[in-house]
């Protein structure tokens, strides 16, 4: 399954809003079966970078190459409150050209939502919504998955399910980029960390250590050095 | 495997919109109530001695459709703002054209139902010979509605990002309604007055031209609204 | 720009002093020398706005957006002049402030259309979104204007006015014609001058915003 080509290559990508450059000259490669953590303060550009990589925003400079399909899990569910979990999945699957062949039900089971598949998502807790969003992102079996703070607002049980799914996706060869503030939990499934400071990717390197402290101090060093 | 064809995905979007609307019903009920109110007010406010029913009726009908319709148009894209659902749509391979067609279809059904419910009321209020003319009238209503909805869908997609979208839409849309609605009123008047077809061809061609040109234009321009 | 203002003053002088008083309408007719050319300039402004909007959509060059907006603003201002001189002329001549004359009504709707354009621009803060959306509206507006003209004109001719008027009789004495034509020319120059000024102002604002936001990567 290993291949010399990265699953996604980001090459000198920049994006602005109005006159403000929010992502500046970011380059990174992520291989199949690899999970990279993306850390940075609020406003550092993590979300924007993910949105550009997902294709929601155009890159004003640079380019992105993918081998395969891209999926995204964002802060908002991007689904309809008035529809049930199942209906939402079937609808979005339909837009990907997928027939309702039980795929939606399988995904719901896998993410522990089988018992609520027929309920409107307006009633769902944050944890359930997040898991549903992951199910939706997996509908078209993406090779690259972008996650924007996937564990925020989740309780332990839900977090465990999500982390297990991430590990499983990694094992199956997907490439993952995960923006997060929850360093400890994600350190268990990621091997590299990207540090974003003021829109730039200040560094992209292996985990400095299994605990959050090492990551935080490396981040602070980078901020201080004014990269 | 179902294809992600243009019409297939457009239809999926339209059905989803209608399903959601059916479950919440808010826009639909407001539009209906509004239509009834406008019709009733215009009816009771008229001075029967100075203006005949024939002259007033077409205007009343179209004012009703126009304003009730406006309430429904914004709903199409307001729906997509909740939970950032529009991003979810943009993450799929759906083409801007399919999305536009789907939204237009949903709006057409919405408006169509409002019109179908208002029409009997209109007949009730205004004593005009409508039965024999009903097919012709329906054609005119359909044509005018298509043009109205096409432009309205495009504009609502833009306006939904502003703060006062309910107000912005009429402000932007009303000048665009001058050709189709004036044509529709002229045609309705002639239909109800049992005028010969020859008197209507001019307005009909204007209406048709408006529809064709603006439907196409709105379709083409929609992509510019969607792609960031 | 200065040239246009001088020209404008020149027209006024000529119109007031030198052009003979038209027989049936009296001195108020002289408003016509401003009214019609300004209407023309407004229409020119709106058409240019539409064309520039199309160019923006095709090439995404910020300059087109700024110029389109400048043109729309100037056009709207000119339309206001036209819409106020219309009634000012109308009252003494026809006895009413407003009449649903084809040209006036058509300009009124076009004016409202471009007021909407400016309102939309005002309501959008992100400049890229603003440029894109106003360009879309600009193109739609450009295509709509002829439709409005036709609609209003047909509506008018099929519902004859109680007061029949012929504001520009085909045979104008040459003196008046000269005044009129030079007025057209002056208004066109005025339009160009105003747009240039407004555009320059917009560019300055733009540059300032750019500096405030900091440089590139």
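Read from first to last, the chains carry the letters A, B and C; within each, the first residue is number 1.
Simple rule for what comes next: a contact is a pair of C-beta atoms (placed from the backbone, for glycine too) under 8 Å apart; a residue touches a chain by one contact, two chains touch by 3 or more.
Model, not experiment: these values are computed from the prediction.
> Make each chain a node and each touching pair an edge, then name the shape: line, ring, star, complete, other.
Chain contacts: complete, every pair touches.
> Quick one: point me to the chain whose Cα centre is farthest from that of chain A.
C
> Can you identify the chain nearest the overall CA centroid, using each chain's own CA centroid?
Taking the mean of all protein C-alpha atoms as reference, the closest chain is B.
> So the centre of each chain is just the mean of its C-alpha atoms; given that, what is the distance between chain A and chain C in Å?
Computed value for the inter-centroid distance: 52 Å.
> List the centre-to-centre spacing of chain A and chain B in whole Å, with centres computed as mean CA coordinates.
40
> Report, in whole Å, the distance between the mean C-alpha point of chain B and the mean C-alpha point of chain C.
Each chain reduced to its C-alpha mean, chain B and chain C end up 31 Å apart.
> Where in chain B do residues touch at least two different other chains?
In chain B, the residues touching two or more other chains are 228.
> Would you pull the chain B residues touching chain A in the complex into a rising list?
1-4, 8-9, 12-13, 16, 19-20, 23-24, 79, 82-94, 227-228
> Report the residues of chain C in contact with chain B in the complex, numbered from low to high.
57, 109-110, 112-113, 115-116, 119-120, 123-124, 129, 132-133, 135-137, 139-141, 143-144, 147-148, 150-152, 154-155, 158
> Looking at the complex, which residues from chain B come into contact with chain C?
Going by the criterion above, the answer is residues 151, 154-155, 158-159, 161-164, 168, 171-172, 174-176, 178-179, 182-183, 186, 202-203, 206, 209-210, 213-214, 217-218, 221, 224-225, 228.
> Chain A touches which residues of chain C in the complex?
126-128, 209-210, 212-217
> Please name which positions on chain A make contact with chain C in the complex.
Against chain C, chain A makes touches at 14, 17-21, 24-25, 61, 199-200.
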